[in-house]
Amino acid sequence: MSDSKDNKPKPAQPVSQTLPHFSATFDPQTMSQIRRAADTGIYDIRGAGAKRKLPHFDDLLFLGASVSRYPLEGYREKCGTDVVLGTRFAKKPIYLKTPVTIAGMSFGALSGPAKEALGRGASAVGTSTTTGDGGMTPEERGHSSILVYQYLPSRYGMNPDDLRKADAIEVVIGQGAKPGGGGMLLGQKISARVAKMRCLPEGIDQRSACRHPDWTGPDDLEIKIAELREITDWEKPIYVKIGATRPYFDVALAVKSGADVVVLDGMQGGTAATQEVFIEHVGIPILAAIRPAVKALQDLGVYRNGKNSVQLIVSGGIRNGADVAKALALGADAVAIGTAALIALGDNDPRYEEEYQALGSTAGAYDDWHEGRDPAGITTQDPELAKRLDPVKAGRRLSNYLNVMTMEAQVIARACGKSHLHNLEPEDLVALTIEASAMAKVPLAGTTWIPGVTQF
Amino acid sequence: MCGIVGLLVKNQSMRANIGGLMMPMLIGMTERGPDSAGMAVFTAPVAANELKYSLYAPSMEFNWKLLVEEFGSHFTNKPKLSTKGNHAIVITSVASQQVKTWLKQSYPNVHLLSVGHSIDVYKDTGLPADVAARYDLPTLSGTHLVGHTRMATESAITPAHAHPFTAGEDWCLVHNGSLSNAHSLRRKLEHEGITFETDNDTEAACRYLEWRMREGDDLKAALEHGFEDLDGFYTLLMGTKTELALVRDPFACKPAVVAEHDDYVAIASEFRSLAHLPDIKNAHVFEPSPKEMYVWKI
Amino acid sequence: MENITNFDLDTTPLREVNQFLHGDSSKLNGQCVKIQNPNGAHNIAVGLKADVKVAIQGHAGYYAAGMNQLATVVVEGSAGTGVAENMMSGYVHVKGFASNAAGATAQGGLLVIDGDAGLRCGISLKGADIVVGGSVGSFSAFMAQAGNLVILGDAGDALGDSLYEVRIFVRGKVKSLGADCEEKPMDDEAKKILTDLLRKSGHQDVSPDSFKLFGSARTLYNFHVDHAGAY
């Protein structure tokens, strides 16, 4: 055969190729971070909270009423949602119609219209908003029927007149995204007005302190809180906000320092800007923090103990009514939302996809809040961008969302036979994972096992 | 976090009333430390061949007489005893290592608060006024004392966790602040054969300094080493048989005020604890500088 | 005729005294209030907002005259941590020494301390003026943003660390300067401010020429990788 005379090698049988295999350790995201660090020589700064997968409320389920218990009729029977904050020392406690509050976010980090929208949305449903680093704007006071005034390490824009105008004062010690860290606002967002409010040169990169300038430790904090009470004639509830790290000790010390309310922020809680490494590697998930915090309140005899109670607000990754119900079942008196509220206003909306792409991001992943170029006009000080947000419409979106969350929490509470959200309890919950079971101290579903508490 | 007080009485005639002078000082520190309180008082020394032991029992009804009888029959050497409820001071000439071993074996629940020729230690949980009443602190007499009120940070609220902490003989320390490397310090000392009774960060500082001094440092050198090895924040007040010593971290994180008077030297976290001392108007009142050691001798 | 009201903190709770001082400013303006036996009590005369004169007759504790507006508060002894913290306006005078964080974050008004001030004097200062007759401790004017700190004695370590637009005048020695703090030429404007502050604080006999001026080198205003170690 002629072929046999041909000495050319036969075409090789195709050899199977393995698929390109990305390392789980050096995944594309990690490699992009290494390249970015090598290019710039500076750590990555971004906004928002921890993005990694964490044990969370999704890992818990409610045990609805069945034969052993009797549910409430969904649309007729009352299921209370109101909450009173600051009963211990304040002459004028805060009454909220829903236990979902708006977390502290500054004018500076957010645009004027965004702050106004938060105020409008919260006021419409009878809950509170909170100022942030940089002081109180007249617009914010005007549009928020209940306004919590943050007292921060930087004291930017802090003045006694606004302190007296506030409905409550929140002494900020830390936040979940960066416990132990200070604030940061880059030059792009230090507009003339922000600079004036903070008494800073326009356009500089503002770094603010992580420590309060005039007190160190809980023994001094006790005196500081007394000062704030004296200045405001003992009228206003005083909150202490902490990032979740050692919640048992920190909550106990906040109580001993004289707090009326403790705000506990888990690592999913957002920030306007900080180092990525801080956001992802310091602090603990809110799921792991609530039970030790409640235990501290119980041990000190101030947990749901009439007038002598210290209320607990938790935050960090609250997204829907189920999260609210679960947080309350674990022992919180109320929750706070930040990131979710911004999304309700329009943050990361796919309708701006082209513009997010132009910023090197995509709708849903955009976190460069510190750069001030937010297409949604929320995390910006650019007047043109800020104009895009209609505070009335955005406020309406927020109030809709808050109402939905409240109704969702009621749906769950009624199904569990509760006439008030506060009657939810840890025993109404089970966990889907061993991690969540250990952290929330509720049994793994279908068992009586709580790791570290009961025998398997 | 905490309140600290110290008082060294130079006027001989006032020494019988050191407890009474101290009381408003301790009460003034209630808000800084509502969880527990303690006091080390240095008295006239026992005989050179004797040592005294401050002991703490878990119950107010503890049978100290029985303990002393058993001790006496074990060592054929009956000790002297004085008691205040669950607290006792035992004086004996039996060698201290034997005493400690016997106590640990026979009465594992009885806590040894201090050993020395001059030092008595009282400490317990509760508000400072309650602790003071429990142990008749207003009736104390002595040359100098070191007191403390505690707001627990990261360790439990138990009598053992209350300050002062002691190590060795006639040496005690109280602390306001928080150390950030206490656990590693403790592991290092454990490697040296030193045993701990609590997880309190102050105990680590106390045993560290006592260890440095056993290694040959004087107090000043031990504190110099401390500046290198203790991370975190502290105001430390220490008592020895003949002196009080004070040091603050380089940041002067936690407060301290001193009043020097012809009759006494008084130290406290805040002036409100010094305000009621006799003739305070004529005392030299100042704030000690950070990273500087202050020593007052009796 | 000056109207004088006396309070004795041995017998009157602090809360009552402060509430009196928070009363109708039209009635308080021009009044004089004397507070006896302060004995180191905290939060005396905080949150005042009337042109009232307050004399604290002894040693004050933490935050004396905190957040002051308009009032004149004289501490006849020493003052604890954070005297005149976040003052907005008015005049606070400490005749003895002041503890740490004197005048912290103060935005307006004048704080005069005759003796020494502790560490972190004028920390995060936001526009007020502070004149210290004695020396100040370490980390003074840390992150100070605006206003003037005048030190007749010496300054401790890390003076003016990470400062912004504050002016620091020092007559004595400076142990060390903090990051981004540098000596500046004393221009006419600065000299005029100093002269004026020396006069207002009872040091008119002290020559402004004996002071050095320190301010921000402004190298940390925008993050630069070559300064990473200074942050």
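Read from first to last, the chains carry the letters A, B and C; within each, the first residue is number 1.
Everything that follows uses one rule, which is that contacts are C-beta pairs under 8 Å (C-beta built on N, C-alpha and C of every residue); 3 or more make two chains touch, one makes a residue touch a chain.
As the structure is a computational prediction, the values presented were derived from the model and not from experiment.
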**OP:** Pick one for the touching-chains graph, please: line, ring, star, complete, other.
**Re:** complete
**OP:** Please state which pair of chains has more C-beta contact pairs than any other pair.
**Re:** A-C
Original post:
Going by C-alpha centres, which chain is most central here?
Top reply: A
Subject >> Distance between chain centroids, defined by C-alpha means - chain A, chain C (Å) >> reply: 37
Subject >> chain A-chain B separation of Cα centroids, rounded to whole Å >> reply: 44
Original post:
Which residue numbers or ranges of chain A touch two or more of the other chains?
Top reply: 220, 223
**OP:** Please set out, as single numbers or ranges, the residues of chain B touching at least two other chains.
**Re:** 255
Original post:
Using the touch rule from the top of the page, what residues of chain C touch 2 or more other chains?
Top reply: 42, 61-62, 81, 100
Original post:
In the complex formed with chain A, which residues of chain C make contact?
Top reply: 14-15, 18-19, 22, 42-43, 46-47, 49, 61-63, 66-67, 69, 81-82, 85-86, 88, 100-101, 104-105, 107, 120, 123-124, 126-127, 142-143, 145-146, 162, 164-165, 221-223, 225, 228, 231
Subject >> Residues of chain B defined as touching chain A within the complex >> reply: 1-3, 31-35, 151-154, 176-178, 233, 253-255, 269
Subject >> Residues of chain A that touch chain B when the two form their complex >> reply: 216-220, 222-223, 246, 249, 252-253, 256
**OP:** Would you pull the chain A residues touching chain C in the complex into a rising list?
**Re:** 40-42, 154-155, 158-161, 163-164, 186-187, 198-201, 203-205, 207-209, 213-215, 220, 223-224, 226-227, 230-234
**OP:** Using the touch rule from the top, collect the residues of chain C that touch chain B in their complex.
**Re:** 39-42, 58-59, 61-62, 78, 80-81, 96-97, 99-100, 118-119, 137-139
